[in-house]
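We call the chains A, B, C and D, going by the order they appear; numbering starts again at 1 in every chain.
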């Protein structure tokens, strides 16, 4: 194995978020509450999950945060941008995700966090408006302003390192064009205001130029363009995306591998989603919904591979619907109907109703990504972080690789990466050594 | 690695089944139909699943049956015992699982398969009766008769090898006693008619004495007693159990690992099952239900481990109900309500309604176990086959090991065992070699 | 009470159906099978339901068919029109609703029923095509051809009376215009090929001109235009519509009255429907879906009346989705999520998953409507038959009345109408006479 | 019609509740909050429902409370008995039904309501204990103490009238015996401490002796014994019972009439209930569960009558399960699987998941019963109040009558009784007068 040197996590880590609505406020309020011992950061692998090390019989299952050197919750500082100028306290109250009683207990700290002026373009988010926005003659000017924001934030908050996690809205669907094909084209586009450069790309560009790792929480076309992959490589900055895996897609990447495991065939998978928050409102615009639809749509194909097993997965009717339904508020419900077939083609059905909460599922992902992206940076892992596929609806990979969607393979990849970084043996679950007289070093 | 020599699968393989009801007939009729090309053996890993070999970019995904040397479907011969004397044709019609049209197409072969007289004890199965039963002064006499049946079957059908898979009923709940504690005690018990020697134990004993691998499809106390583990070791015969993992427990071992993967907490898991076949009738007797309840109950504890993570899994209310509900016939429905909690303790729910078919899910397991147990025998793997945990509600392991219930770890164990047997690299899903300049031989 | 004279149901009754697909063939095959005693016409009130007569303590609960004089199943003759020229036997096989075994038993009779050439206009049904269609210079010519078909059918089949029940597709959404405003305008429009005269209107016009009662099974704008209401009055012919109440809307008109009964508030009702048959295909075209959407949408408003009770029903988010999902075939599934509130505004939810069968639910409605429309005609009830509201998603009423959607009020209306026709006391469920010394004649 | 004189509702009405736990405190806190305008008494017919008067076209839909003279919420006074001595404030907090914020706003009034010492017998409620209990040498002594409590309460609170509504636990299952067969036997039993006289019977006896109407909210054998029916008649006191219809049974009496309306057959109805409050704990004792099971079991038989329609309802597998599942707290979930069949016997399924709240559904029933029982008393309606069947799982009727379970017939009975009391025309939903020239006085 290669010798990996992981730098320690000293000093403060600043977490910058473009988009400071329900997800961002739930994340920040939760970290603050956890620091005070008021609540637990459940759902965060970095804080609450354990990892098995060594043989089963050794019973070594440290918490991940005790196994790899991660920034401590007490060392985190928060900032970001939003089209509304509300403080994080007001934004948290408006979001309606957390109980008022909890918010009040971290009010003082939340009130101090005010969004910087955002880069915004209504053509990219049809159903939103906002006034807390930057102006500039060119997109280059906007990018420069973002870079300045980043610098100022770092100094003002005495941060040793920064990471940026997109917590903003889904932009409209558009496909990669010439302007995205190389860093050179992209930078020319910034100067001549190319309309195909989306706001999210400007944030990512500003981050990478500043050596700040960037993670893309929405399904936006952003990091996954050659221009920004090139920039990440040049600046040796970790990037990862895209689209936080929460709710229905999370469930899908849990259940589909189970069906495949048992070689059960699938004839159809109908998924409907009802949700009532701002995310639902944004997705009510068809152009924005399409971005999400494409992101969600590939998940099944990756797990139930028709090329490898056409008899079982060659004819799946997969339909995904998202419906804006205000009575649910920040709650979200998925209803899945899965038509499967088994022995001799006999048909069966699975119906799953997931009564979940959008921001509650997303917040710990923001935390984990921030800490793991920072770990990657300190471990000198640069560019695309495929080992973080676990968190994405549409994981970014090298062009020659296909993304892994199976959440259990994603988890194994993540855990074995951590073991690899720390010089521990990888786990294969073979376990033949318990039963046979074999080389115990290799098989675990 | 140890040098493993896998003997080829030549000649006929006889599959003997104690219990020739719905599961056994669905299995046999299905294999016959598959041989004729009328239907597909979907749900069977040995027949329809692929296994990845080598790096992702090599695109090597052979079918399992093309990767390891397994007995061919055309070389299988079927036999068994039942308390009813119906031929497999009549039993298949009575079971009501398969459409009449399908059964008729394999009628000729099914009619020829007539159950041998069973070893039966009504105290162990309260709600069944039957007349096609052996009599004998002692349990030793009954065992001798079974051994004779086995020998006769092998000769009459010109089999090179045999395996035995229990497809019979759930026996009443009882715990291991002195008579089960050693082979010596057990053999004494056979002679003096110890009431704690259950019929299923007599089948297993007869099989192991005849060097025939034995798999226990019901949750019966049987292979998991020291006496029979000892006998398996002495005769170098593979054993595996217990309780086919179908329906609700299958779903549970798919979903629970997903919750654990995301570090989501679990407060409660309520499972109810409604089913209308003979299995349901047998389980309607409380003594028999308890056996099943215990078998199903440990599944969650194994995956959501309160010892390792008490904050998330220290207080789970897990309740399992099985209800005999005749309108469903051989269909079966599970309804699960799962109460989970995430970030800051916020609660969410998952509800799963699985409209499944008992025997349709069990039949491919019988096939896989028969073929894999035979493979184990030919590979000189003797005793407990933990790598087949994938198929069991309550996997049997060495006393010092805890069973693995997570179906994805079970599958990895199974697949890596196959790779190991064939001398291929194990898969760890690390994949660092694609991104870094590391030793490609080890990390995949 | 008025003296009603109900003429007896002598001779043959011809049932003519525009549209001979899944619904029509399921209906006809079912009547034929019922006549032979092979199967039961379950779900048909006229054949299987009982009606209480007199006081509870009298225990008089005759079958409806024994209480009012209805045409006997043996006296029914079937015919119709379709854009495909398949016989009803072929159409039934293609529809895939009924098991082949059942169809074969009535094959001889089904094969004899061949559709007459249809009046068809692809602009009104986007996703269908067909060649078995009439041609004519003007719409008047097409109507004349239909009238001739009706006459010929009556003579050829020796029918004493006829009724017509639309079993065809949903036409595109359009609103009533000048051409529909009077019979005079309409007849002018027939001559000058007014594009707003839909095919379904031509069938209805032809029927009413021929004194044949007409019922509209789809949500088409047809009988509910002044022109045809006028014609029905002039020719004293019963009309009723529209849109067979099956599946999800049926469930809605059962559950909503229950919520209203208990004064429970409703915040939202999200309904999704997945179906895989030709009906689903037709509704996959947005113009056709809109017709169905409007028909389904008013149901809740009629039951949960915001004008009468704005606190409970003033802000209901009601959303209906229909999705074409081929794996289901003729099966259909509704999933409803209902957000309700009770005491002090506390919220609760009801989730209903209805695994139903489209044509199986529609077929008995066709039968009942045919027999009841014929009863209406023989009872001299002409024009709009509001008492048949029970069968419709969008019941037709006098312009000054609002439709009743509550299925239990609809049933009471239907039953009390039958009692009224037969001179029996109406039932009020008061029952005070059992407990008090009151006038037993009035209160039941 | 008989001339009914309804006395006006002047002065204060005292509502006495044996059992002051979750239901009683939710009821009282809700009335107090409603009086202050903090919340709405949704789900209460007396407060929020409208009733149609006259012809549809008259648009007369007054609120029920504006149509019949009912006690005003401001005139209600509350008291009762409990085995725990907590004030209603403490009990409400412990119950965990209402949000703390709401309870605090009515704290002052709740704190003043302290339970009187209860008549309690642990043999009748296995899983409860309590110390705030009366002692006495004989059951007659206990009854005398209750009567004294009633008198004292009336005077102390300056009440003009009283009603009593049982809000206590389910007692064990027992059947009527000799001691219950007549008032004479019963009174002898009180003196000689007959073990078959349950605590709930003593409360009912004390109420009726004091001319206080009594309603039985639990499924206890109590009012439905000849002794107490006799006493009600003698004292001309209204009685009504039993077992508040909430949750799953409510849903059942909504859906079953809908299936019957459409003449759909039923093969099975499997109902499971999970709940986590004290009610669930009490029902976890098999003897107590049986009482509830019997009460719930008859509901379907009454609606889907096998005697009248054996083809459709002659073979229903009806199974009801109640499971104590602490994670739900006062929330309650019902899951129903209904196996139905339609045209030609084709099978379909309905699955209903009701996420409800026990006390939230029960509280408005307590209010309505208190007000309607008081109305009955003032209207001189004595003995069994069948018109209140609407509120009960097991409605009490005259011995020669069968209870009506169909909630829509129950509602019509209730509404027509109110119309009858106020001298308005009964509604029959005939409506023939709109279409025909008929006598408009009779048909509405």
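Operating definition for what follows: a residue touches a chain if its C-beta (ideal position, glycine included) is under 8 Å from a C-beta of that chain, and two chains touch if they have at least 3 such contacts.
Chain labels with UniProt names: A, B, C, D = Myo-inositol-1-phosphate synthase.
All values derive from a computational prediction rather than experimental measurement.
Novice: I need the common contact partners of chain A and chain D, sorted by label.
Specialist: In this structure, the chains that contact chain D and also chain A are B, C.
Novice: Between chain pairs A-B and A-C, which one is joined by a greater number of C-beta pairs in contact?
Specialist: Ranking A-B and A-C by C-beta contacts puts A-B first.
Novice: Between chain A and chain C, what is the gap in Å from one C-alpha centre to the other?
Specialist: So the centroids are 51 Å from each other.
Novice: How many angstrom lie between the centres of chain A and chain B, each centre taken as the mean Cα position?
Specialist: Each chain's C-alpha centroid was found; their separation is 39 Å.
Novice: Mark out which residues of chain C touch at least two other chains, giving numbers and ranges.
Specialist: In chain C, the residues touching two or more other chains are 351, 353.
Novice: Using the touch definition from the top, list the residues of chain D that touch chain C in their complex.
Specialist: 1-2, 26, 30, 33-34, 39-45, 48-50, 56-57, 61, 98, 102, 250-251, 253-255, 257-258, 261-265, 308-309, 311-312, 341-346, 348-357, 360-361, 363-364, 381, 383-384, 386-387, 390, 398, 400-402, 404, 407-409, 411-413, 416-417, 420, 426-432, 434-439, 442-443
Novice: How about chain A: which of its residues touch chain C in the complex?
Specialist: 267-268, 270, 272, 274, 317, 319, 321, 323, 325-328, 333, 335, 337, 339, 351, 353
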